[in-house]
Amino acid sequence: MSTLTHFNRAGEARMVDIGTKPDTERLALAEGRIRMQPQTLHQIQQGDHAKGDVLGIARIAGIMGAKRTADLVPLCHPLALTKVDCDFEIIDETGSGSEPAVICRVTVATSGRTGVEMEALCAVQIALLTIYDMCKAVDRGMIIDAVRLLEKRGGRSGHWVRDA
Amino acid sequence: MSTLTHFNRAGEARMVDIGTKPDTERLALAEGRIRMQPQTLHQIQQGDHAKGDVLGIARIAGIMGAKRTADLVPLCHPLALTKVDCDFEIIDETGSGSEPAVICRVTVATSGRTGVEMEALCAVQIALLTIYDMCKAVDRGMIIDAVRLLEKRGGRSGHWVRDA
Amino acid sequence: MSTLTHFNRAGEARMVDIGTKPDTERLALAEGRIRMQPQTLHQIQQGDHAKGDVLGIARIAGIMGAKRTADLVPLCHPLALTKVDCDFEIIDETGSGSEPAVICRVTVATSGRTGVEMEALCAVQIALLTIYDMCKAVDRGMIIDAVRLLEKRGGRSGHWVRDA
Amino acid sequence: MSTLTHFNRAGEARMVDIGTKPDTERLALAEGRIRMQPQTLHQIQQGDHAKGDVLGIARIAGIMGAKRTADLVPLCHPLALTKVDCDFEIIDETGSGSEPAVICRVTVATSGRTGVEMEALCAVQIALLTIYDMCKAVDRGMIIDAVRLLEKRGGRSGHWVRDA
Amino acid sequence: MSTLTHFNRAGEARMVDIGTKPDTERLALAEGRIRMQPQTLHQIQQGDHAKGDVLGIARIAGIMGAKRTADLVPLCHPLALTKVDCDFEIIDETGSGSEPAVICRVTVATSGRTGVEMEALCAVQIALLTIYDMCKAVDRGMIIDAVRLLEKRGGRSGHWVRDA
Amino acid sequence: MSTLTHFNRAGEARMVDIGTKPDTERLALAEGRIRMQPQTLHQIQQGDHAKGDVLGIARIAGIMGAKRTADLVPLCHPLALTKVDCDFEIIDETGSGSEPAVICRVTVATSGRTGVEMEALCAVQIALLTIYDMCKAVDRGMIIDAVRLLEKRGGRSGHWVRDA
């Protein structure tokens, strides 16, 4: 039976021993979205060009957030990240009836003894939180949704891709 | 027309001047959830009692995360929080067909010149991220959802409650 | 005779007691520049528009750096900043013979018991350091220069302006 | 033509992928100075001996600052530094007409996939900022100048020395 | 019966609500010691003068540590400290048979809604830890002892002094 | 004659160069205790079960504290820890006359060029400080004692165990 690895037999939390795991190339891709009113999305879209660059600032916050993961998540191992990419996709109301949203996708890589899923998810969350911060004066009701891992490479568990 | 307050007329980002706003009592309540497989939730529930206390650790991470908000969100003002509460509710499969999940609700208060929505949302996100971290070895597909502000008090905009 | 206030009579460092000073409105304006080759400046200028926004990223780094001052400078008091503005001016080679450079100017404000000069200077330095980082692959020889306080308001010493 | 490596083709910032670069021994030497009034320098010089050790405190701040670089500069990779040295040289008025100043020189080393220029420059800036902080009560007009890289070893670009 | 205030009735941790407490002047004095071999103490004493200033560095680490307390202790409120003093006393073997040691005493003050005991104790611990770090190559067996609160002023509980 | 390695010949502090040391498996075990009144210990013991889990929170604080060591201790090298374990033992009054106390023991491991004694000691201190914080409302007089290294493996100095 599977058990939660962050606890010993007495149920006490620990930072899991990864000392005997080999260094391998690790990669994680995570995604999330923030849903908003059409006019909020419209303001973000305008900023993409000459001014008020909400997504540019959120991207920086996400990248910096990836580096802070082990400070924030109690049992995460500190890792020397070798790559962080943070992309956004705008889902506007002209599509197939889906709600206006900004999707954030983050790829993180390292060469190390444990994976970088947490770093990718943390970056997505901080990036979306930053979008919320910058738009909250015009749209307090925005919702952060569907934050999840999409893909993972490296380590004992090998290549994992979320089912569509 | 409403504009994004974090930018000046040239579209350049700034930390908004709150120097002329009065100190008032501020409160924010935010919520989010993490959806998971029934057996993952079952393992968390068992830990509530004698050992493997996932939610106890996530609560601490959330509270500490609230204090780090201004370090993480670029244009947030640093605030001296006077209260942080972090509660969890378990939604198990025995209910009305809703998916198994843990709901996290965080209340933050301060006496200051600007609100604490960001701190409440940041705490929710870090708490849910910590649950993900502790359970990811058994359920890599968990999804963080519906992170949003529920209520806000204090400041010029007064009392706001999300529509049901 | 003037003495260094950060030391007691035995010459031991301390965080100076500001407990008896009144809260007043404080403001500081600091400035610095980074000198570079003309083609480096040209690349930064192109980025101002559609892509590769070096100055937008440096601005965020500067604002975040202002918030980290008390973590970095050993005897600085922690302060709840109420405003941070970070502006850039481009000095290109078309002028009066001056060398190509980017000037950074930061204004910081708070309502507190001590001034915000250090926060303004720290923001300038981190912003310029970020420009260096983003351009170092094309111009390793850039020089950060003339980082200094321009103006200061509030507190016992009142209004101070640097002589031209 | 050279382009800024911190941006992708769409002009979006990223933490550059260093995953395929080999670990090599890296070293960087950076320098900067803070110019001041003769009597300010005189006070610092007196402190070198029995008490009021401004430079000893600035040295510690610089070394600690080197370790914080990746927290402060958005796109810097986190690196496990293996060495940080921080030296000061006093330029007094008895010389060839040069202005009174303290020069700070920092050497940083690591064994890693990317260089340590940013860490060396960041340490110089925080050390000089700390000198400013400790002396600002007697000399608000001090100027930080000539912060620049002097030398760099390791990595694809090999050994680089600034022209005299 | 007295209960632990950091838990609600369900036994869940929280950052205690101090929102209704008045701002008062707060002060705390804490102390601790590190015991060591006579020759280790001798080396520290020599450093007091011209070089190798262990205590000067430990003092800076203690002052900076006070400012990090709310980052380290999960349920501490962030506080804007107005004063931190860190003193050392050397207990050498020439006395009444007591073991060689360095005593560290830290005074912290603020004007706020909760006390600064934790900040004073945290500063003592980080200062003593820094002494350990700097001397461990010559004396791995040093022991940190007797870290405790000596005095506390301000707040509802008023003036408290440890019994001799 | 032995000298303090954190200083150069001029007595100036430095982060010691570990660049030529090989990576080896490192382990450190440190211990400390907090002494308290019998009824305080009794309250902690009750919390072990269903609610008010003081030791569970202190454990998390200790593990997170280990990761912050290089941020707090000025001349510590940053290290990527591979394992942190934090255990508690309760010494109650029913024993051989020893005073009521909680003992904290922390094991830290890494694969690196320098040891992890400081990380283990820092974790012990932050864990004990957190116990103090959570119980101080009922027992202000608690004392942190006997914080020391018990064992160390790896590196040039090999295996070291404290004499009983």
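Every chain is named by a letter (A, B, C, D, E and F) in the order it is written, and numbering of its residues begins at 1.
Convention: contacts are C-beta pairs under 8 Å (C-beta built on N, C-alpha and C of every residue); 3 or more make two chains touch, one makes a residue touch a chain.
All of these numbers come straight from a predicted model, not from anything done at the bench.
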For subunit F, the least number of touch steps when starting out from subunit E: 1
Minimum number of chain-to-chain touching steps separating subunit C from subunit E: 1
Rotational angle, Cα trace of subunit D fitted to subunit F, multiple of 5°: 120
Centroid-based (C-alpha) most distant chain relative to subunit D: B
Shared interface numbering between subunit D and subunit C [over half = same, under half = different]: same
Inter-chain centre distance, subunit A versus subunit D - centres from mean C-alpha coordinates, in Å: 32
Geometric centre distance via CA averages, subunit D-subunit B, whole Å: 38
Chain centre separation (subunit A, subunit B; CA means) in Å: 16
For subunit A, residues that touch 2 or more chains besides their own: 12-13, 50, 53, 56-57, 60-61, 64, 68, 71, 74-75, 80
Arrangement of touching chains [line / ring / star / complete / other]: other
Touch relationships between chains, expressed as pairs: A-B, A-C, A-D, A-F, B-C, B-E, B-F, C-D, C-E, D-E, D-F, E-F
Contacting residues of subunit D [partner subunit C, same complex]: 2-7, 10-13, 32, 39, 43, 47, 50-54, 57, 60-61, 64-65, 68, 71-76, 117-118, 121-122, 125-126, 129-130, 132-138, 140-149, 152, 160, 162-163
Residue numbers on subunit B that touch subunit F, as the complex places them: 49-50, 53, 56-57, 60-61, 64
Interfacial residue positions of subunit D with respect to subunit A in the complex: 8, 12-19, 70-71, 74-75, 77-80, 112-113
Residue ranges of subunit C in contact with subunit B within the complex: 25, 56, 59-60, 63-64, 66-68, 80-87, 109-111
